[in-house]
Structure formats: structure tokens, C-alpha cells
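Alright, structures below, take your time with them.
Look for subunit A in each of the two complexes below; its partner is subunit B in the first and subunit C in the second.
On to the complex of A and B.
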């Protein structure tokens, strides 16, 4: 296990470094100039453009800028405009000159809460529906659940989000409008503010998980070892949960691991739909504003999260399915 | 001033469309026939009086708003956030709208809450300034009783220090008028700011006593009082100045101070007890606090104000416009219409023609005749979000008069026959036009509409999609290979001195210029110098207008097509909502919470 983890962590560091390098250098392939975007009416003054280039560090060679950026994450930096940036330093925003790290730490709880809450919702609802459909295979419930899944698969967050807000928050008043969590000071309010966004975000995922789970469970229930277990006199319920579900779980976890990137993508759209302030909205605004330090930081943050979760998912295989050996 | 980034497009069609002026108005609804549809009704803009107020006009307290009461919290919903709170860095409209709450300036615009008449008065200063030396020297005297939020008195030294900060390397976002007037266009090379221990010498910027500030400009600037109304003259206490980081905690000189700020997320203002209303002629400051929620996406933002549940009853969006998809309901449903504001903004949308490539004025005029104004207006959100515009100056500029040399209002959909005739006269019936556009859904649609209509007149149009983030960089290159492209512009104060010279002066053209058509007309260049030296502002305004009309009719380097309008709704729990025609935003000074 230790050898596996060491190998995966080293691999992850190489992957992350490659991603940062590609992102950084690709930015400079574009014809866009962030200083020209930032100078507005003052663009007609070359001295101002020059000053902005200097403030952004863009007057240095690209490799030097990249090295300064990566180095700053570990040892901090003294910025060209005189501002001190202690480690972990992800620089200052090109758009509003704000330090990146405090912004990230302020925003990540929203995205993490959405990702965890949304995943919990779609796993419980999706896997639960899929299991019940497999249990009720061919019956009315199965057909209805399949139809609902098909509908769920076809809709988008930005379509059902406003509808859900209008119905459950504005008209019925059952659920809170979405808002950013403040777990430390208001855990109850934070939870209630995330219920609707998490449920909406889960819709595009659970329909898929429901279909996958149903199909995997049906497949498992037709296996020889299930027939043997039944022949031994075990109850249907016991066989269903102890044998069939366990067999299907490894595949479901694999799909979940692959979906982690999509979960982040879903969080971005959910944040925008509900007016939440997470990494997703930061990422979108950074791309639109040519805000390289922010783009890099969000990318490093989210890529690290995905890589770490993937390692955890891989590790979980062994626990779920003893046939899989990590080595 | 520039428009806010959000208004200019979430896709960062980060326009250099800059800003501001004054306006006419029709508060409480859309009186331009706006149902979200097109309108060819001639624009009639009763420009408020932007004259200079007297010393008596400059005394506080502000005139009471009928029915207003003190107390409560206003909730502002904002699509983006305020990139800069440091007054020295503030230029765009959303920043100017919030600046009024905590930053007082030497002069400011006094807006009558009933008549909407707008005049410039002394804010920190006792009047709008005393001119001498033929307009080169301007003297300001500070009022008594002015204090920062910590109780420290505001003196002339604070004003001087604030001006000196404008020269620092990190100060790149704010307007540069005062710096270049004091030192010339190379001001950054001549003075580096106060942080090296060097002050601006007294023969350039003097403070003979604690209450007097004297500006010695290199040339005459009759409109200096208007430049002093921009946030750059707000006092910054030296003891609290930590350079670029000051942006996060500006010290208040106004009625509110910052209680908490999370950039891009939230901003809360509470009362500044060291603000004396008796010194302030423009700010009523009725609410106890202002709570800004930043980064609220559309269409949710507009829908929240429309629904008005919970605190949204007290919601407003000081600088943003309503989501275009909600326009039909907002302009026709009585429950919404009665609490909307629809006013001119200072921006004029234009199609710029590259005069280095399209050298024949007849061909340029043919483009003007063929241009489909009304179709473009539809895509912009209809008449409530933009009036058909046929002048290069906005109706919000002092001295504006209607002018329509190409008969666009009679044929707003375009006149291809007239255009064809002009092309025939020019001896080129099928010229090719390369037409770049910012690759956003709105401009994909508009560029196609424009291209189709130009082709009806005989042009061959080649559309080129440009990444929105690099659009202005690309079209701002003097040697660009494009023929026609959209830009926008607005004045920084209600005088065309901030429109005509930057967009039409053809001398020293270089990449990044605001003269996107690269027009270089000797007559215009000479006239600019002559008109700038006129010290009678009324005469100057007339001369600028005449010159802009000459440019439109004879050079036709730009085809104006729309005057932008502010249109938005506010919560049922708010009263005293007036419009600041100078910043193109809601006037925060008069707003109150109904009790």
C-alpha cells in the first residue's frame, strides 16, 4: 500500500507540474494582452501600459515569470509593485490587484460543499433508484424510474435551477434560496442554503447513476455466485445487498472517480445559477478577464483536488472489492 | 469614466468605451415608447443645467427628499464587483456610484431630487474653484469641519498627498487629466510619486495654508472644476496609505465607512460618525447601512429585485442594467414599471471606419446610409436600453443638439439605394469590407445583421470573429487589416472636451489609441487646439459640437447608431431613487428605506 501511495503521489506531482506549465505557456500563445484589457481609457498612454506590464510582471521572459510563480507558492514573493506576498503566494489578480490566496481560501468552502453535497445527493438518489429499479425489474416502478432518469439526463442545471428557485424557494417557500456557506458561524443556515443547489446539481448526475446502477445490479443478479447463494437458502434481501451490491459497487466507484472533473464542472454552473461565490465563478471570471494568476491558482487547486480524490478512489477499490490488488 | 465591465459584456468585451456625462430623464418609467421594441422617435434630451453652482449652493446640509426617513439597510445586488475602491484608481461607472458613499471630492454634482437639475458645486471645497492666470491656475479652499472617519481633520496637505499618489507606478486605472495638466503627457517620467520622499514643488501644486490648494497647470483648462469631481481628488491620509494595498481599506471622508469587505463577494458600509452633514450639500445619507452582494449572476439578479422576497424588497443595482430577457415584463407590467428608472447614459455606440483603408469619404458615407440602426437596436434590448443615435456626442453632453446628416431617423433600417448611388459616384460599386467583431452571442448576431444590410447596398462583407478579450487590442493597432468595427465612447464630464480630442485628434496616432478610425484631418487637429484654449465653457461646448458635426458629415470616420440607456428596477421598500446623469448610475445620495 505504501509503495502504491508513494508512486501515485509522485505521479500526481509530475502531472500537476505538467498542467501548470502547459496552462502558463498556453496563455502566452494567445494574442491577448492582459495589460491592454486592464488599461481601459489609459491604453492610449504607452507609459501606463508599460507600468501595468511591470506590475503584472509581464516585462520579464515567460520562463522567468513561470519560475517566479511556482517558486512563490513555496517560498513567497516580493511583487514588482512593492507588495509582499507570503507563501503560499499565488500572486495578485491582474484584474483587481487582490492577493489570490486569501480569495481562494475564502471561496473553496462553497465549491467543496457543493461538490460533496451534490455528490452525496446524486449517489444516494441515483444508486438508490437504480437498486430499487433492479429489485423491481420489469415492473411499473422500474419503468417509471427509467423514464425519470431519461428526463433527468436531458435537462441542464441552468434550465432547472431557475425553475427550482421559483417553485421551491419563491412560491412554496420550502427551501432556502442558495447562499454561500459559513460553516463556522452558522452551520444550520449553511446547510439549508446548500440543499437546493446540491439537489439541482445532482439531477444531471443521478439519472446516469440510476441507469448504470440498475444495469450493473441486473448483471450481478444473473451471475452464477448469486444463484449459488440463493440455492444455499440465503434471503433475497441478503443476497441483493451483500453480494450483488458489493459486486456493482466497484464499478460505480470507478465511474464516480472519472466523474470528479464533471462534478467540478457542474459546480461551476450551479454556482453561477444560484449566485454562489466558489472556485467555479472565479475560474470563469479569470478566463474572461485574462487573469493569469487567478487562472493558475484555481487550476492548481482544482487539479490537485481531482488528483487527490482519484487516489482516494483507487485506494477505496481494495476495500470494496478484495479481488483488486493495488500493486 | 468607463462603463462597468459587466455592462460591456460578461464576455469581457472590455470596451474602452468610456464614460460619462449627463442626462435627461424620465424617472419612474420608460417614456420613450419602450416596450422592448425599436423606436425611431427623434431623441430629445433636455440636458440638465450642468453649470457651476455658487458658494451658497455648496453649503450643506443636502436638500431633503420629500417623504424620506432615516434608518434601515439598502441591499445592493451587483453583477460583478468593484475592482478598485482606492479613489485614485476609480474610473468606471460602478466604482463611481459606490465612491459617493465614502469618498468626498473637491467638487461634486448636486442633483435636485425633485427637478433633477444638476449643477457642479464644492464638496470638500467651498465652491467650484477660482480661476486665474487665464485658466492655468485654480485655487480651492476647504470647508471647516471636514474629518476622516477616525476624527482626524482633513487638510490641504491630504489633498496634495492624494494628488501625488496618482503618479505612483501602481496607480494605472484612474483618469490622468490632473497629472498631465500639471506635468504634461510625460508626467510619469517627471515625477514618481510621494513614496521616494519627493513632493510636488509649490510652483506646480501649492498648499499655502491648511485650507488652500493651488493647482498651477501648464495650459488653460476651463473645465478643471469638472475634473476635480472625479474620485482622484478624494483625500487619502498619509498615515493609512500602504500603496496598492490601500485599495482594500480606503479611509472614509463621506457619510459611510467600510465595515467589512470581501472582494467580489460582499461589501458592507455603516455610518461614519465623523461625517458632518452640515458640510455636505449633496449627500442625504438616509439609510443606516449599505449591504452590497457582489457577483450575482443574471437573470437571477433582476428576477430577485422583481420578486422582492425578504431583504430583496430593499434591493437595488446602482450601476447595472436589467437583464434584457426581462424587458417585456419590466416595461409593460404596472407592478414593475412604477419602480423602474430609464435614463440616458453617457455612451455612444459607433461603427468605426478605418480611414487608412477606406480612404474615400463617399464610400464611408455609403456605409452610414446602409447601416441598419433599428435592427441593431432590437438586439441591444430595444428602445429602453438604447435610443437611436445619430450624433457623435451623447445627448447628455452640455450643448448637445440633434444632427442627422444622413437622414437615419427617416430610414432607420438603412437606405441601400442611396448607398448604391454613392458607391457608383465613388467608382467602386462593390467594395470589400473586412468586419471584425467580438465573438459573443450578441455580436455574432449584430455583425450578421450589419453585414447583410451592407451587402444589399453592394458591399462585399467579410466577417471575422475576434476573441472578445483581445478585441480592442486587435482593432486598436494602427496597421490593422480591418475596415469597419464597433466601438463605444463616453465623456468623463458633461463637456465634449473629453470626447472630441481623444477620439478625433489624428496627431501622434499609435497602437492603443482611442481614435480607432485613425482619422487625421488637419482642420480637426487645428480646431482642437483652438477650442481647448476657450475659457467660456458655453462657447467651448458649442464649438465642440460644431466640430463633431463637421467630422461626422465630412469625414464620416464613425457611424453613430445608439445612445445607451440605463434601465433597471428597484425594490418596493425603497424611496428617493434618483439618477446621477453624470456617472450614468443611480444616485445613492438620495435613496431611503421606507419605514
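On to the complex of A and C.
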């Protein structure tokens, strides 16, 4: 297990270094002059450009810039213009000159809550629906569920989001409008503010899970060991949950691991739909304001989060399915 | 690839697994056993699939509407750029259509857009064009690249396979949505000089390229896996022993066996790209006003849903129908081409 984890973590570090390198070079090297991006579209004053060059350390060689950037994340750095930037240093925003790290820590709880809550919602609904469909295979419930899944698979967050707000929050008043969570000071309020966004976000995912779970369960139930268990006189419920579900769980987790990136993507759209202030809206605003350091930081931060969650999923996978070779 | 039952079949044609069912079912009255190419068999199977045929018609309808958008709009007598709502006083002071249900009237069948006041039907019809063309371009380029990549990877195997595999793993590790959002401005700044007006093709081109860069890996992997197993089959071995060149083996032996995968994947990928494009435009980093686009319609809809929810339904339902039809069509195509796969 330890060896497996070490390998996974080392692999993750390599991937992250590669992602940061590619992102860095694309952002700061590819456009002929990032200073041009930095000072906006109507930048003609050469002094301003020069100042930005110096501030961004663009007069240094590229590898040196990259190295400074990465080092800054771990040990902090002095920016070329003398500003001090403590430990997790992602530089300063082009737009308001504020250090970036506090903004990130300010914003990530919303995205994380959405991702975790949304995932929980779609796993419970999707896998549950898929299991019920497999249980009721071929009956009305199965058929209704599969049609619902088909439509669910085809709707978009930005379409059903506003509809759901109008219906459940404005008209019926059952659920809160979505708002940013403040877990420390107001846990219940945070929770109720997340219910609607998480449910809306889950719709585009759970249909896939219910279809997959259904077919996995049906496949499992046709296996020989299930028939043997039934023949031994075990109750079908026990066989269903203990044998078939366990067999299907590994594949469901694999699919979930692959979907992590899309979950993050879904969270971005959900944030924009519900007007929440998370990493997604931060990224979009940074792009619209051409705030490269902010964009870069969000990219690295989210990529790291996805990679870390991937390791967690892999570990869970290894625990659930003993057939997985750990080395 | 030939098999006894298909000896007459065109070898370069779309070939499937030997099936062991000579002739066609459903032809009981015919005494003679007509030889059919696998393509004909697939077509027969597809024609019997009612859902598939309906979906094919729906998809065809969307494509037709996209292609004939100028004609439709001309017949309808409106265009996608005039601000009818403002000019004809159909909007109130806060930009909401005065008539109920989003301003639906005999003049504007689907109502007028809140705020700007363009005609919704014209917007919708032209919007399909933008979304579909971009998605189509991404699909074609991604599938072509993916197939080429997967073929090379699977056929050459060994070290090449390993390094190409790591490359595609690496590309898969990128947070996609964020990449799309983050790199569009970088790409745009490469193409447009500061202070210059960007040309009409810049946005679509950028959208196509960023989506393509992270869009080809999944099909590449599928093709690689298939090639790996096909490579070891007897007919490939036979071709190799008889001195066929690599190119001949790839194009005449391997590729014909991949068509069904390619076709099915392309049908399933297209709606994904359509929604991804709409998502980016919705977020404000894709197509920009005044170009008609579904994503932008969602943006307008989301900004005005409290006072004019009707507007939201037109792009919303159109897109649901489009995506459902495409997904079902993809499933039917798969069933027709490869009846052994169970869903």
C-alpha cells in the first residue's frame, strides 16, 4: 500500500510540474509580450511596458522565471520590484496588485463545497437510481428511469439552473437561492444555500451514473458466483447488495475518478449560473480582465486539487477491489 | 479482411466481424441467399431501428436548418441583427418584452429577446449555425488526430506507444474547462494585435483550436486499444507475411475495422462539443455578441429569467432535443454497426 501511494504521489508531482511548466510557458512566453496582455488592450506607453517587464521579471531568462515562480510557491520570494510575497506565493494580481494567495483561499471553499456536495448528490441519486433500475429490470420503473436519465444527460446547467431557481426558490419557496457558504460562522445557512446549486449540478452527472450502474449491476447479476450464491439459498437482497454491488462499485469509482475534472468544470458553470464566488468565476473574471498571474494561480491550484482527489479515488479503488495490483 | 461467408464482400469496404448469419433476417420469403456487404447489413439493421431513424431525421432537420438559415430567415421576414424590440417599442423601459410569454406574437413567433430585442426565431436558427459549425470542425479535427495518434501508437507499439501514451495521459490530466477558459485570451492575443479590431474568424478559430487541443485523446485511446488487439489477428499477420507495407496494413487492414468505432465516437463527441462551446459562450469567453449563438442566448436568458423565463425555453429545449437525438443516433449507429455490443 505504501509503495502504491508513493508511486502515485511521485507520478502526481511529475504531472503537476509538467502542467505548471506548460501553463507557465503558454501564459508568459507564447504571447509575444505578456506585458501587452498585462496592461490591457490600449497599451502604447513604452515606459509602462518596461515597468511591467521589470515587475514581472521578464528581463530574466525563461527557466529562471519559471524556477522563481515554483520556488515562490513553496518558500515565498521577493518580487523583482521589491515587493515581499510570503510562502505560498503566486505573485500579485495585475488588476488590483493584491497578493493572489489570500484571494484563492477566500474563494476555494465555494468551489470545494459545490464539487463535494454535487458529487455526493449525483453519486447517491445516480447509483441509487441505477440500482433500483437493475432491481426492477425490464419493468416500468426501469423504463421510466432510463428515459429520465436520457434527458438528464442532455440538459445543461445553464438551462435548468435558472428554471430551478425560478421554480423552487422564487415560486414555491422550498429551497434557498444559492449563496456562498461561510462554514465557520453559519453552517446551516451555508448548507441550505448549497442545496439547490448542488442538486442542479448533479443532474448532468447522475444520469450517466444511473445508466452505468444499471448495466454494471445487470452484468454482475448474470455472473456465475451470483447464481451460486442464490442457489445456496442466500436472500436476493443480500446477494444484490453484498455481491453484485461490490462487484460494480469498483467500476463506478473508476468512472468517478475519470469524471473529477468534469466535476470541476461543472462547478465552474454552476458558480456562474448561481452567481456564486468560487474559483470558476474567479478564473472567468481573471480572463476577462486579462489578469494572467491570477489565471495561472487558479489553474495550478485546481489542477493540484484534481490530482490530489484522483489519488484519493485511486486509493479508495484499491481498498474496494482487492484484485487491483498495488505495485 | 475476408471470411468465408463474406467472400463476395468488398474487402476494402466497411467490414465487421464475421457474423455467421448468411443473408438477412426478415427476408424469409426470398429463396435465394443474396450476398450482402457488411455495410448493407448495417444499413438494414439501422433501418429497422425506429428510434434511430427518427433521431436521424431530427439530426438531419437541425443540419438542414443550420444550412438553410439565411433562406428560412428570409422567408420569415426578419433577420438576426435588427433590434426589433427597441425599434418597434416591444420592450418596456427595463428591456423586458411587453407582450406576455416573452413577446410571442404573429410577427415574432418565438418572441423577442430581452434587452436587445432581436427576433428569437432568427437568433435560434442562426445560433444553430455557429454552434454546429464550430462543433463539427472540432469533431472532425479531433477524430482525425485521435485516429492517427491511436493508429500510430497501437501499430508501432513499444517505446513509441509508451511515450505517446504518457503524452495523452498528460493532456488528459489538464483541467479541461479551465484550460478552455484560460487559454482563449492567450490564443486571441496571439492572433490579434493590441488595439486592433478582431476579425470575425478569430473567436471561432480560437474556440475550435482550444477545444481540439484537449479533445482528441479519448478517441485516440479507443483506437489504440482496438489496434492493439487487431494487430495480432491472423489477417494482419497474413498481410504482413505476404509483404504488405505498413501503410497498406494500416489503411487496408486496420482502418476498415475501425470505421464503426470512429463513426460512433464522432456521433457521440459532436453534442459534447456543442454544449462545451455553448458553455464557454455562456461564461463570456466564447463567441461574443452580436454573433447569434446558443450559449449567448443562455447568457441573456440567465440574466433575465426572473422577468422573462419564456426566452430561456427556446435555446434550452432546442439544445435538449438536439443532444438527445444525437446521443440516441450514436447508440443506434453502434447497434447497427456492431450488433454484438450490449448496452
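The rule is short, and it goes like this: the second predicted complex is superposed on the first by the 297 of 327 C-alpha atoms of A that agree within 3 Å, B and C clash if a C-alpha of one lies under 4 Å from a C-alpha of the other, contacts with A are read in each partner's own complex, and residues count from 1 in each chain.
The rule we apply is simple: contacts are C-beta pairs under 8 Å (C-beta built on N, C-alpha and C of every residue); 3 or more make two chains touch, one makes a residue touch a chain.
If you're wondering where the values come from, they're calculated on a predicted model, not measured in any experiment.
Chemist: Go through the superposed model and pick first if A:26 touches only subunit B, second if only subunit C, both, or neither.
Modeler: A:26 sits against subunit C, while subunit B stays out of touch.
Chemist: So, does A:154 touch the first partner subunit B, the second partner subunit C, both, or neither?
Modeler: Second partner only.
Chemist: Going by the contact rule set out at the top, does A:106 touch subunit B (first), subunit C (second), both, or neither?
Modeler: After superposing on A, A:106 lies in contact with subunit B but is clear of subunit C.
Chemist: Which of the two partners, first being subunit B and second being subunit C, lies in contact with A:273: first, second, both, or neither?
Modeler: Touch status of A:273: both partners.
Chemist: For A:224, decide between first (touching subunit B), second (touching subunit C), both and neither.
Modeler: neither
Chemist: Both subunit B and subunit C contact which residues of subunit A?
Modeler: On subunit A, the residues that contact subunit B in one structure and subunit C in the other are 30-32, 36-37, 41-44, 162, 165, 170, 272-273, 288, 290.
Chemist: Where on subunit C does subunit A make contact in their complex?
Modeler: 169-170, 172-179, 181-186, 189-190, 194-195, 271, 275, 278-279, 282-285, 295, 298-299, 301-302, 305-306, 309, 312, 315-316, 319-320, 323-324, 327-328, 342-343
Chemist: Would you pull the subunit A residues touching subunit C in the complex into a rising list?
Modeler: So the residues of subunit A touching subunit C come out as 15, 18-19, 23, 26-27, 30-32, 36-37, 41-44, 150-151, 153-156, 158-163, 165-166, 170, 215, 261-262, 264-265, 268-269, 272-273, 280, 283-284, 287-288, 290, 295, 298-299, 302-303, 306-307.
Chemist: Could you please specify the touching residues of subunit B with respect to subunit A in the complex?
Modeler: That would be residues 2, 5, 10-12, 14, 16, 18-19, 81, 83-84, 91-92, 169-170, 172-173, 175-176, 185-186, 188-189, 243-245, 247-248, 262-265, 293, 295-297, 299-301, 303, 307, 309, 467-470, 472-474, 476, 502, 510, 512-514 of subunit B.
Chemist: Could you pull out which subunit A residues touch subunit B in their complex?
Modeler: 30-33, 36-49, 51-52, 54-55, 81-83, 95-98, 103, 106-107, 162, 165, 170, 180, 272-275, 277, 281-282, 285, 288-290
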